[in-house]
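Multiple structures follow.
Across the two complexes that follow, subunit A remains constant while its partner is subunit B and subsequently subunit C.
After this line comes the complex of A and B, so read on.
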């Protein structure tokens, strides 16, 4: 018996070794960096140990707070729209009364935006949203919806909205698939019983689908938070990569990237990474607790 | 069965590894474009060697290559660097010192454009990287439009009109009257806003330098926008590229359009500021439809943009061959003559430029001898105020000027935000406001100490 136990260690060894070397070691090294003014050049020996100076700067850094609230705002709007579409479609396609056909075809279609490279998506939308030459303004102008072209990517609100909506468009297919899987996992007996008892559509949604779907919703929410807090590529590529317009697209990871790799403040970049880490942990913990509050 | 599968896999893996080891290159060159592909082929033939060119895209170049240079593992023998981070890298001990024996490149210095030569030196004055090219900028314009609006397409005459920013704006007005736009975007005027008072962005005391001349960028950019001298096509956007070949859509003033039926919702761009390489890597590629209709002339002040420097890694084991390659690229007359005739690049090496520049006409530029023009412009460049901060600070400044032009911020707000972002990016820099505060603090201290002295000592 004991012999078997030891063999098990051997089997998990590859993962553990890779994790220690490529995950855990960098995590600790990053923490050390965050206590220095390392510039990323000339080796860590050239850097001075400056204690918690970087963390003091972090809590007083208005660009960091700006980045935090931008990220939350963009993620929040994105999540609402994405869930509304994904949940709506999932309910539609799983409804036992409607019995819609072609689920697998639509599932593939909905998922399609997700497999386009984000760089292509950003380029596509920067052309569409161009103030003077873009398709969207041309269309709205010729339809008479607006009489002045709107500078979408130069307005903080529109720019954030655009990023959120593009994100929602890219990810609703993914959420749709997960929610569909969750709904198909709910026993049909419940619905049939409810149908016999005379429950209407909304009642069976509220009292059967939603409670049964809770673990899946939690999963979608947490992965979305973790992904959303790491929002980087679209804001990076859609405007100047430094948060234009007026800092509206300055997200936390973009700010981290710029500090570490554009301005060569590796030490402070590492501090930002830890700031981001703690925020992610707090958000996940809060979500987890609120979702499971009643059970415990 | 399983064992035989395992055997097959092992054999193929070994075969793969062996194949990798087989053509071990004699020299590894790393760069951010495929520009060196042809020189390398030429070099391989010349020396019967095998050179491996590794291309890392510009966006990732610094972050990918630097760890290799720091640690030494996976570092190439020869690598290039852009002007953007050149000042950083020459002082990092990445490139071998080429001033020392047996290279002694300083002996060649008389044959080279001075500013290009000097930029490759580290703080001690040792040569770390060389460049075969020189990259002064100019204003490229459309001959047919010049003829129609200005009555001439002669680069010298138009250069005289462009001699001051005011002159440039006057031409802008004339262009507008004929439904043309002077520039694609407001950024086109940025190179000329340093005026007659070029200063480094950061001086040796780590102080950010703001000059009245730099501040004029706000006003000039605003004028360009408000007077509708630009076509609202930001540099490197699809509309910007499209503006080189013909009319592009133009929507601003949509309200006026309805009233004035004769105006169209399209406009054509007259000119664009680009450096030497803009000709062969932008215009000749993107604007074949308008080939022959272009010419290049001077803007209000000389400037340069970009440029690639090359040097060899200090711990390379192939210094001899690496130096041969660099020597060919920057100092081999035969090779460089061929290079110029193929690419149209403007060289920093006089012997070849003098010979070619003597009797040359470029078809794309309607027969103009742009080598002559650019060599003359390059002579006027003073690169002593180039700092490692330039790229980032100019971007931050341009963003704030943009916010002012869009009407999102007043000039004071934009300037304050610029200072705030500069200190955010480079906490060690002292910004002008802080300078003033420091001066004020010192004055206060002085007065206080003066007061103390006046007080009777009890």
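After this line comes the complex of A and C, so read on.
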């Protein structure tokens, strides 16, 4: 037996080696760079160690705050729309009185945008939302909804709204499936008992569905926050990749990418990566705590 | 009862409208891919045009989308296979054997699952430069060997479905540990491998930021990077060709989804309820 146990080291060796070299080492390397003014070119030896200067810059950098609030605003609007549709659909399809058919068909149709490459989606919408020749303006004009073409991607509010709605379009199907799974896990007995006790639809929703659905809601919320904070592909490809219009699409990862790879500022880019990491941890922890504290 | 029927009709109508809204962008993409640039500039229509082949010629003269397709396929398949095989091997070792650092490794997994992928991006770029593997697929593929989340998922799966007595019986019959991994453990893990495999494949296929940073040669571009390059290329002045390029990157995935949708959706359901 002991002999076999020793073989375990052999089995985990590829994982451990690759993990240390390609996962953990780059993370530590990035941290080290965050303490230097390394440009990314000419080797780290030519860079100076500058201590926490980059972090001091980070907490006073108004573009970082702009990127943070842009990211949160876009994620928040996206999440509201996405959850409103997803929860609405999940409630409709699980209603014991309505008995709707075709769940699996609708689930598949609504989920489809989620597996399409985001880069392709971003490029598609960059031309669909074009001011002069974009499909959306052409359609709205010919339907008579608008008289003048709207310059969607040149207006900060519209541009952020567009990113949020594209995100909601891509993700509501996923949330619908997950919520649906959660609701179908709730025992039918609760609802039947509530019906006998004369509870109305809203009371069943508030006192049975919502509390029972809490772990699933938490799961959807946390995965959505972690994904939302990393928003990059859409803002990168929807406009000029530098946050246009007027910095409205400057998100945290886009800012990181531009600092490191467009402006050759590895040191500060690395600091931004750690700033993003810190924010992700805080958000996940806060979400987790508030969702579970209300229970007790 | 009549009221119920009426609200059901209303709901179905709403659902169909939602489906239409969901598919309009794709529909416009496909229609415009068949129309000449001049017509697209003039307005929109729901009827296909006859310039599909002209658009294709324009597109292909600037950018070999099929090459991007093959590149993405190569990377995604390599990643999926390595991810599945080595995660299974690691999970097997974690479940079956007793060794030092076992718990330390497990705790590391849990922590790593919360770390955003971008945290080590700059370090990965620099490491690749040092190793001389920048502008190759190695930095995209090798990290798939160490995928904490997949190992975690496989470990949970093995704990609930595998009886240790199977291995003991194998040992009595004289089978080696490696042999048992290939002949007993991998087949047991197959449903879990399929579930994670689909998501690993989609994740790799859609990955944009890592190949954007690592890959420089246009010949090596993966599809998402190629999409990014498309908007800055001469193709951008011919909207029909642009739409076609996007369509080529999107339609095959839609077709694949048609065949796999049942499986993908039940995987999401399983993943969320267990996780």
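Here is the rule we use: the second predicted complex is superposed on the first by the 273 of 296 C-alpha atoms of A that agree within 3 Å, B and C clash if a C-alpha of one lies under 4 Å from a C-alpha of the other, contacts with A are read in each partner's own complex, and residues count from 1 in each chain.
By definition in this document, contacts are C-beta pairs under 8 Å (C-beta built on N, C-alpha and C of every residue); 3 or more make two chains touch, one makes a residue touch a chain.
The structure presented is a predicted model; accordingly, all values stated were derived computationally and were not measured.
When both complexes are superposed on subunit A, subunit B and subunit C occupy overlapping space and clash. Of the two partners, subunit B and subunit C, it is C that touches more residues of subunit A. When the two structures are aligned on the shared chain, A:191 is found in touch with neither subunit B nor subunit C. Residue contacts after overlaying the shared chain place A:229 against subunit C, while subunit B stays out of touching range.
In the superposition on chain A, contact of A:63 is made with subunit B only, not with subunit C.
Look at A:148: by the touch rule set out above, it reaches subunit B but stays clear of subunit C. Contacts of A:133 after superposition: both subunit B and subunit C are touched.
Once the two complexes are overlaid on the shared chain, A:79 sits clear of subunit B and of subunit C alike. In the superposed model, A:261 makes contact with both subunit B and subunit C. Once the two complexes are laid over each other on the shared chain, residue contacts for A:283 go to neither subunit B nor subunit C. The single stretch of subunit B with clashing C-alpha atoms against subunit C, selected from 55-63, 91-99, 127-135 or 343-351, is 55-63. The residues of subunit A shared by its contacts with subunit B and with subunit C are 40, 126-127, 132-133, 138, 261.
Note for the complex: subunit A touches subunit C at residues 4-9, 11-12, 14-16, 18-19, 21-23, 25-30, 33, 40, 44, 85, 92, 97-98, 100, 104, 106-113, 115-120, 122-128, 132-133, 135, 138-139, 142, 169, 174, 177-178, 180-182, 185, 216, 219-220, 226, 229-230, 232-233, 236-237, 253, 256-257, 260-261, 266, 269-270, 273-274, 276-277, 280-281, 284. Within the complex formed with subunit A, the residues of subunit B that make contact are 62-63, 66, 70, 88, 92-93, 231-233, 237-239, 242, 248-252, 254-255, 392, 395-396, 399, 402-403, 406, 408-409, 424-427.
Contact residues on subunit C toward subunit A in their complex (touch as defined above): 4, 7-8, 11-12, 15, 18-19, 22-23, 25, 28-29, 32, 40-41, 43-44, 86-87, 89-90, 92-94, 96-99, 105, 112, 114-127, 139, 142-143, 145-146, 148, 151, 171, 177, 181, 202, 205-206, 208-209, 212-213, 223-225, 227-228, 230-231, 239, 242-243, 246, 249-250, 253-254, 257, 261-262, 264-265, 268-269, 272-273, 275. Subunit A makes touch with subunit B in their complex at residues 40-43, 57, 61, 63, 126-127, 130-133, 137-138, 141, 147-149, 151, 154, 240, 242, 244-246, 258-259, 261-263, 265, 268.
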